[in-house]
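Heads up, the next two complexes both have chain A, just with different partners, chain B and then chain C.
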Partner chain A sequence: MKWHPITAVREWLEVRFELEPVFRLLRENLTKPVPPHVNWLFTLGSVLAALLAVQLFTGVLLMISYKPSGQEAFQSVQHITYDVPLGWLIRSAHNWGSHVIVVLALLHLARVVVYGGYKKPRELTWGVGVALLAVILGFGFTGYLLPWDQVAYWGTVVATEAPASIPVVGPLTREFMIGGTEVADPTLGRFYVVHVILLPLALLSLVGLHLLLIRYHGISPLSGTDQPEPGSEEILRRGGRPFLPHHVLKDSAAIYVAIGALMSLALLAPPHLGEMADPLVTPLGIKPEWYFLPAYQLLKYVPEVVGVQVPPLVLVLLLLLPFLFDRSPHRHPRRRLRVLGALGAAAAVIGLLGLLGHLSDTRQTLLGKTYDFDVLGRPHLVEAAEVGGDPPQAEEGRGAGGSP
Partner chain B sequence: MIGRSACVSACAGANRSRGRWVGWLALLALLALMAATGLTAQGDGASPVDIDEVMCALCHFEQGDEFVTSIHYQKGLLLCDDCHGGDPFAVQLETAKAPETGFIGKPRREDIAAICGRCHTGPARFFAQGPHRDWENDDNPTCITCHHNHRVFDATLALMEESCVRCHVSDSEPASGGVAIRSRLEGSAAHLARVAMDLDRLRVIDPKLDRVVPMLKAARSTLREADPITHALNLELIEETLEAVGSELAVVEERLVESVQDRQRRRWAVLGVWLFVAVNVFFLWAKRRQLD
Partner chain C sequence: MRRRVVNAFLGMGFVSTLGGFAGAALAYLWPGASGASGSNLLMGKDGPLSAATLAQDEGVVGRSNLGKVLVIRRGERLVGLQATCTHLGCIVAWNSATQQVECPCHGARYDLQGRVLRGPAREPLAQLQVTAGDEGIRVGPLGG
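== the complex of A and B ==
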């Protein structure tokens, strides 16, 4: 028989450990067929997992040179960007990766919602997925501060002020979160530890559990929960294909394309580093990352004490989706139009809030007319004579150019 | 229980009312602080004093009208007393022009350079080295000949050309010298503006250029150093400074060229990435076809 390294290692292990049952279990689960309705949208989860691995890899590389202290953080990021060979590319890939992952996570979530993938018996898989979304947003929130530039510092000041408005526990929560009364060195230390230790541990555990549950239950069929789920042979007879190798090949192709897109973004549009954080100088137009804009804008319309509780409430409602809001046995999207319509409307409201958050306090030209958007996102037409003047608040961000 | 709750609510009412007073007092204190800051900031180039409050302008209204258009007034830098002495806010003539206020009235011709030189030390120093250094002599200009006495505008290069031909024939040697200095300075300023524009454009896609910004700032301040030297009306003296600007800009331009080349390399890298992706996806697709 021809010698093969994998077979050799396997034989070596088998002589020493009772591994056959493990291999059998793995084989059985990995070759479980996927139903015929599984299309390219079902590769989003694998792409997400691959990009999370890229984030871990680039994150570890960044940790080599990053120094998590108020005195050194900014300089160390400058060092990574300007001096470390390919440091700019690693930082750029990590930065872009954080955005792409949120986009993919939301698309993956939308796909599961449309195909009713959260229904019995996969409620726990769904719950773990929602927890993973919270972890991903937590990565974004804590990672935002780490460059320790003006945008990072003041963005975090704004974001950490909101929880203080919760009655009784609010001020204490904020103090615990930032390690004092102001965002300072202890905040950076805390956010760093959460970003590089606690959240990665949570992520790895949850991703492991998520994958285990997915393989255990297999891909959700389109039939109702009141009917028995088709077995492997039935799926194969209806035109399904084994997960390994058929669907894995599809996943791999999608992963290649996603990594290609990520590398293109990282190469062509690397992120800027602003001025070093200065607690005494508040820059204009500070806004959070795009995925926190809906929550940021909501706080302008409703009392802070209410607004601050809405984002966690949305996550809880998502968790409860299969138990409270979509309890019918149907999985097929055409038979769940009412639920999908309601969820679509909720997503549209969140998207609209995000758009208003993006437009607020800026000047924009739409269809040849210039508008000043006020703090609530309401447009005010600017007369032609005033167009040359300053907008209500100049937008400053890491991407803003302009030589002094 | 009722009495106790009434007491609690009365106390809460009293507290609220006290809280309101504290709020109003805090607001008043804030307004007072803002007003005080505004007043103290006047001398530091902040908002100018209302010209109607300046008593001198009541009689010297023509000078007052000219002064309000000046950069000295608009930036809140000077008032009448800074050059003429006296007290511009005194209502009584005797008090306004009292000797103890340092009132000098119209400065003598020979004192003008010293008065301007109190703030504009650089220009005064270089003016004293130039061909017009004997300003006591009526044939030579003083600061106000070119810059005006009350209607002082922000100095521009155009002022140089306008001023030279007031006394010199336009194709004479001194006037041509002025034109040469002006065009040399304009050339450097245009060069700097061009480089700044290129830097702005390229910085959007290359954050490494953020580090070049201080270099451009340095070149800009070196160019600013040439401003006072122009008062010596000596091209050779200015040349030295402008050459320094040129070499500082050359370093910036070198970095810009590197950035353009780097951008091209990155484009090739993106192409390489997609070729790699295409080849691998093709093989995966072929394998999948084979399996089907």
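== the complex of A and C ==
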């Protein structure tokens, strides 16, 4: 028989370990059929996992040249952007990756909600998924500060100031988070370690557990939880297809499309690097990343002590979805219209808050008319004679701490 | 009985070990003081700030032992206010056109006495004593 390196390694291992059960488990799992209702929407999880791997790859490359100190962080990001070969592209891909991953995570979550995938016996898979969403948002929160430019610095000041309004524990929580009384060098050190060590460890562990649970329970069927779940043969009889190669091919195609889209964004719209952080001057128009805009806008309408507790509360309510709000045995979306309607309305409110946050303190032209959106997001029509002047946020006469 | 005692000791040992690590980490991570400079001299990015370079109706922000302070020239008088917005910690600025102290983050407005004119801030900015000296602007608590 002709010598082959893979066969040789396998034989070497087989002499020392009992590999057959491992191979059998792999074979069983890879060929496990997926139900016929599994469509392209079911590739979102795999695409998400692939983009997280890309993010890990670009993140490790950025770590090599990044220096996490207040004196050097900004210059090191400048160095990555302008001096290191392809540094701008790696940074751009990492930056865009963070946005695309949040979009995909939310779409994946929406898909699971629509198909009732969180219902018994998959509540734990759902819980781990919600925890993963929190980890992904944590990456966004801690990574935002790292470029140490004005927007990063002041966005973090606002975001870390909010928890201080919680009675008793708030101020100390904030000081622990930022390592002092104001965002400075210790904050950068803490955020960096959380961003590059603690969150990746949490992410890898949770992704592993999530995948394990998905493979254990299989893809959620559309039948109710009060009916026994179909076995492999039943799924095949109803028109299901084996995971390998059918669904794997679909996953692969979706992953390549996503990576293509990510790299196109990275190439065509590299992120801006503003001025170096100045703790004495807050620039105008400080806004957080788009996915924190709903929380940012909410803080303008309600007392901070209330507003700051809403985002974690939303995550907790999501976690409790299968236990408190959607306890019927039905999985099919058509039989859960009321629950889906309520969740859709909640999502619309969050989206509206985000939109108002985006529009607030800006001048926009809609259908040929120009509006100044005030701090609360209310539109004020601008007379034709005034158009061309400065929007309200860039009024004349701002002195110290004013326009950069 | 002996087994239970041994188990209790082992359990306590394990908890103590964890507690030791957690305590050391807590001490290491305990937040230190940051931000305020040691003196009452108002410091800008490039050194002490001088009242002489401050034009009429102009404001400037610096650091002192009282934190970040906004100083505004009003004729011969210097007005001093705490510069950190009481809403979410952004640095306020003096707008000579509106004659108001404004926060660029969420739009809070204050008057020259630090009183809130427009939310979302609820608490006023603290007023501070400001004096112009040869070395630069010095700040202190009002009436101090």
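Remarks
The criterion applied here is as follows: the second predicted complex is superposed on the first by the 385 of 404 C-alpha atoms of A that agree within 3 Å, B and C clash if a C-alpha of one lies under 4 Å from a C-alpha of the other, contacts with A are read in each partner's own complex, and residues count from 1 in each chain.
Going forward, contacts are C-beta pairs under 8 Å (C-beta built on N, C-alpha and C of every residue); 3 or more make two chains touch, one makes a residue touch a chain.
Nothing here was measured: the structure is a model prediction, and the numbers come from that model.
In the superposition on chain A, A:75 makes contact with neither chain B nor chain C. Between chain B and chain C, it is C that contacts the larger number of residues in chain A. In the superposition on chain A, A:205 contacts neither chain B nor chain C. Using the contact criterion defined above for the overlaid structures, shared-chain residue A:259 touches chain B, although it does not reach chain C. Contact with chain B, but none with chain C, is seen for A:268 once the two complexes are overlaid on the shared chain.
By the touch criterion defined above, A:374 lies against chain C but remains apart from chain B after alignment on the C-alpha atoms of chain A.
In the superposed pair of complexes, A:39 makes contact with neither chain B nor chain C. Shared-chain residue A:157: touches chain C; no touch with chain B. When the two structures are aligned on the shared chain, A:178 is found in touch with chain C, with no touch to chain B. Residues 399, 401-402 of chain A contact both chain B in one complex and chain C in the other. Contacts from chain A toward chain C in the complex involve residues 154, 157-158, 161-162, 172, 175-176, 178-182, 184-186, 190, 278-286, 299-300, 303-304, 361, 374-375, 393, 395-402. Contact residues of chain B toward chain A in the complex are 196, 199-201, 203-208, 210-211, 213, 216-217, 266-267, 269-270, 273-274, 276-277, 280-281, 284-285, 287-288, 291-292. On chain A, the positions that touch chain B within their shared complex are 81-82, 88, 245-246, 249-250, 252-253, 256-257, 259-260, 263-264, 267-273, 399, 401-404. The touching residues of chain C, counted against chain A in their complex, run 29-36, 44-45, 57-63, 68, 70, 72, 83, 87-98, 102-107, 120, 122.
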